[in-house]
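Look for chain A in each of the two complexes below; its partner is chain B in the first and chain C in the second.
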Partner chain A sequence: MRAAQDADPLVTAERAERRAVPPALDTMLMIGGLVALWQVGTILLGHEALPSPVATVSKLAGIMADEDFPRHAWETARASLTALVISLVAGLAIGLALGAHRLAGEVAEPMLTALYSIPKITLYPIILLLFGLGISAKIAFGVIHGIIPVILFTMNAVRNICAVYLRSARAMRLTAAQTAGTIIVPAAVPEIVSGFRVGFALTLLGTLIGEMFASQRGIGYMLVKAMETGDTGTVMALALLLVVLATAASAALLALDRRLRRHALAS
Partner chain B sequence: MTRAGWIRLALIVGALALLEAACRHGLVSRHAVIPPSRMIEGAWNAIAADETRADIWLTLQNVVLSLILSMIVGTAAGLMLHKATRFRRALDPLLASYYAVPTFVFYPLFIVLFGLNRWPLVAIGFLFAVVAVIINTLDGLARIPRAFVRTAAVMRLTRSQYALHIVLPAAAPWFFTGAKFAVAYSFIGVIAGEFVVSGAGIGHAIAFAYNSFDNRMMYGLIVLLFVLVGSVNTLLSLWERKLYARRAGR
Partner chain C sequence: MSAEHLCLTGVTRIYPATEGHAAVHALGPIDLSLKPGEFFSVVGPSGCGKSTLLDVIAGLARQSAGTILFEGKPVTGEVPDGIGVVFQEDASFPWLTVFDNAAFALRRAGVPDAEVRERVRHTLAFTGLSSFAQAYPAQLSGGMRQRLCIARTLVTRPRLLLLDEPFGALDQQTRLLMGDELLKLWRETGATVLLITHSLDEAALLSDRIGVMSARPGVFIDLVETGWARERDSRLAAEAGFGVVTGRLWAALRDQSIKALAMAS
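Moving on to the complex of A and B:
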């Protein structure tokens, strides 16, 4: 039980919460160091193999100014956001149900963890056969990546709720819906946010992989096309875009996560 | 087996039987899903064919290489980062967001670095697994009880004694969790790389079977892969539980 969750590399929030918020200056220095390392790599490998940071940024600006770009970006954004919403809503509902019903949770948990650690990319052809080529296949693939962590986190959060809260709910004769809305969800919010964070990262990953295989649109498609034609400039520019976007979104959710946890500790 | 275990088994068997019946009666398109019995037949054919056996073997080798490298580098990096407190704090937000980045976009770069051989794929598996090992190593080191550290100081343990008798046993569960994630992530990284970009290995074989409408082979390979990865993960989990049971018993 313990090992299945708390040292998951996707979930460093628990660790981070015990430490002070890292000095932003040091992180800035770190990012500067990474850029410098990149520049050194460019000098060693040559501009053809590894375009320099400056060249990559200007290339990215060029790509973003291109008239085709908004169409691709919108496709990826639409697919991953839809998948994210489905993962969150369905994952939350399933997680709450599994957390509240002990036996159902015990039955489902090993199956979910097994599914989590399996290379799900190999399921993509099946998704394509079921949903056809197009955006619904990408969304479905994003969902199967993102929903499992949301379920697992929500389930564990519900299980770990202080028993007194539940007993008071029973004493007050709350209905199941009232108990979920006024007791379980508020008490489990920090854990649920951690689940959302992991779910977000995996949904984006799933959608991109979906676009890289048998697709005609989206950032993933642009990437795989550039890879096939050996256009390293475009590959690096898109990689930079994804790294920055993913890191920024993840950092924002992490900050929210920390704030909620501190709040939960204080109250 | 526990009650939950029996219910789980019944659920899985029931779902498979239902799928089999639905496929046989034409409720599900034959072009989309084939009956589970045919999938198993396909898995058997895949094992019997020399070509797919070579693919499976190649994938396994790459996964093992990526696993070994990520364990060694990840543990060493974790040990070093644990010492460098300020550096680690600055790195923390980056580590926390690491898995939001699709690592395999760097495949072309690895081809330039290593050439067109197995190493670019190993590198993808490695990048996917190594951060899991680093995070778990750091976690394990951070959770060594203060009392143990003080006791070691009182007893004047040498550095190697300290490492062997205090750090290793105290942090062992986290090392183990790191190893477990490294196995799963090496598989995911290597196979995702094969599936999307490479021209060999079991991931590529699945993509190839899909593109050539060979459903039986495709489902067979998927079943084979899931059985393989699933049993490795299950074995590791069982071993881990045994480890914990012994620690709890002490």
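Moving on to the complex of A and C:
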């Protein structure tokens, strides 16, 4: 069966097309360009305002070697991962339910969109009142950032599902649970992954902002302390760390997203 | 089994009025009975209610009036066991391979794995998709995807097969060959077939009997018996009788098509 498929001209052509764009090279060029631009900025603005790439990397290495660093990193990782899991799981469940119930979805959508667009920092005092000063406040703040796009993307994916898939489900006499699990969810997966991608970035952002206020631990706290003391070197080093991590995760999700979309592509 | 495999009496379908749209009387009243193993085709102008007819027979939509009996039991808003449907639209699941698409219904129904593999392999061979078993629908042409939808339904061995313009996306030659395959399958399985098509030639070549529908609301204005032998294929097109059948279909359909066009504009 494998051999037969390899010989298949359509499949082979598609593989060749995939190989034609070397993504690694593109990425390298892009990163190289950014670093060069950064170096030019340093020359123009001076080392005080914008530390150079090399200085930033060595500063980052210094920070990471510090005995306090693992504690802070662990705090941020724990808070943002917990917030992420909650955002994804709860967002998915709520999105599926709202997508399935037309009326509930229509009521909820404008509210969610409004909530999505207000600066969530205005809600932080309420969060602090509800959750206190510990890690739960940061998690909650991460969740309110990340969960909304997951809900919105999932809800729309379910709503826009091809009617003929649902008719096929009925023609094959599937139960409601079978229809949800084997048709609605897989059909919605590409959209849901897009929601996860946006949700991931915002959850991380929310958690970090949460750490910047009313917190004594975490990378967000380190950032705010460095800002207060005017330590641009540390600010840049930490920003670099966050950018690299967030970009790597986002790129991985994007690759997954692309793969799923290529399959979904109804040409 | 009763003398009739499928029996419709006074079946109508009215789409109820919605915000800004008046109610649409789409179909009927329709009276029709199909004998077991009959090959029946429906032709009619665009928008006359052919797909609506298929929906109510399959139990995918409820009729507004009348009764539908499949194997003696009334059909009411649920798809009865023994009916297989191929839709007009591409219904292949893009997230599954060709093989998994074809195996989908059997797996949900709990058919043992070995049997699933055997039946899927056989059906894919029959629909000419064997070498694409591991491909995804996005890698197939429109016609191949439609074949996949046919395979997905055939693999469940329906006793009544409802096909809504299944060859609409195919070129004429492939269409003729697929028609031959369909005839072979029909003979092998003994299934009753109801085929909706907009091709008069296709209806004339394949069917025992053809129902010609009027413009909306669709009712049968003529029922044409072809009188073909059960052993037949597309070479029938060369025979004199073929022209007689298509001629009669067009005679009945011409005025209705003009009416449907006027209605649409």
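Keep in mind that, in the parts below, the second predicted complex is superposed on the first by the 231 of 267 C-alpha atoms of A that agree within 3 Å, B and C clash if a C-alpha of one lies under 4 Å from a C-alpha of the other, contacts with A are read in each partner's own complex, and residues count from 1 in each chain.
Everything that follows uses one rule, which is that contacts are C-beta pairs under 8 Å (C-beta built on N, C-alpha and C of every residue); 3 or more make two chains touch, one makes a residue touch a chain.
None of these values were measured; they are calculated from a predicted model.
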item: Partner chain(s) touched by A:71 [first = chain B, second = chain C, both, neither]; value: neither
item: Which of chain B and chain C A:205 touches, first, second, both or neither; value: first
item: Contacts of A:125 with chain B and chain C, given as first, second, both or neither; value: first
item: Chain B versus chain C as contact partner of A:111, first or second or both or neither; value: first
item: Touching partner for A:259 - first (chain B), second (chain C), both, neither; value: neither
item: Greater residue coverage of chain A in the superposed arrangement, chain B or chain C; value: B
item: Interface residues of chain A shared between complexes with chain B and chain C; value: 2, 7-8, 10
item: Touching residues (chain side chain B, partner chain A) in the complex; value: 2-4, 7-8, 11-12, 31-33, 86-87, 89-102, 105-109, 112-113, 131-132, 135-136, 138-139, 142, 173-174, 176-178, 180-181, 184, 187-188, 191-192, 195-197, 203, 206-207, 209-210, 215, 218-219, 221-222, 225-226, 229-230, 233-234, 240, 244
item: Chain A residues touching chain B - in the complex, by the definition given at the top; value: 2-3, 7-10, 12-13, 15-16, 19-20, 22-23, 26-27, 29-31, 45, 49-50, 103, 106-107, 110-111, 114, 117-126, 128-130, 198, 200-202, 204-205, 208-209, 212-213, 223-224, 227, 230, 232, 235-236, 238-239, 242-243, 246-247, 249-251, 254
item: Complex contact set, residues of chain A against chain C; value: 1-2, 4-5, 7-8, 10-11, 14, 162, 164-165, 167-168, 170-174, 178, 182-183, 186-187, 189, 260, 262-267
item: Chain C to chain A touching residues, read off their complex; value: 58, 60, 78-79, 81, 83-85, 87, 89-91, 93-96, 104-105, 108-109, 130-140, 153, 156
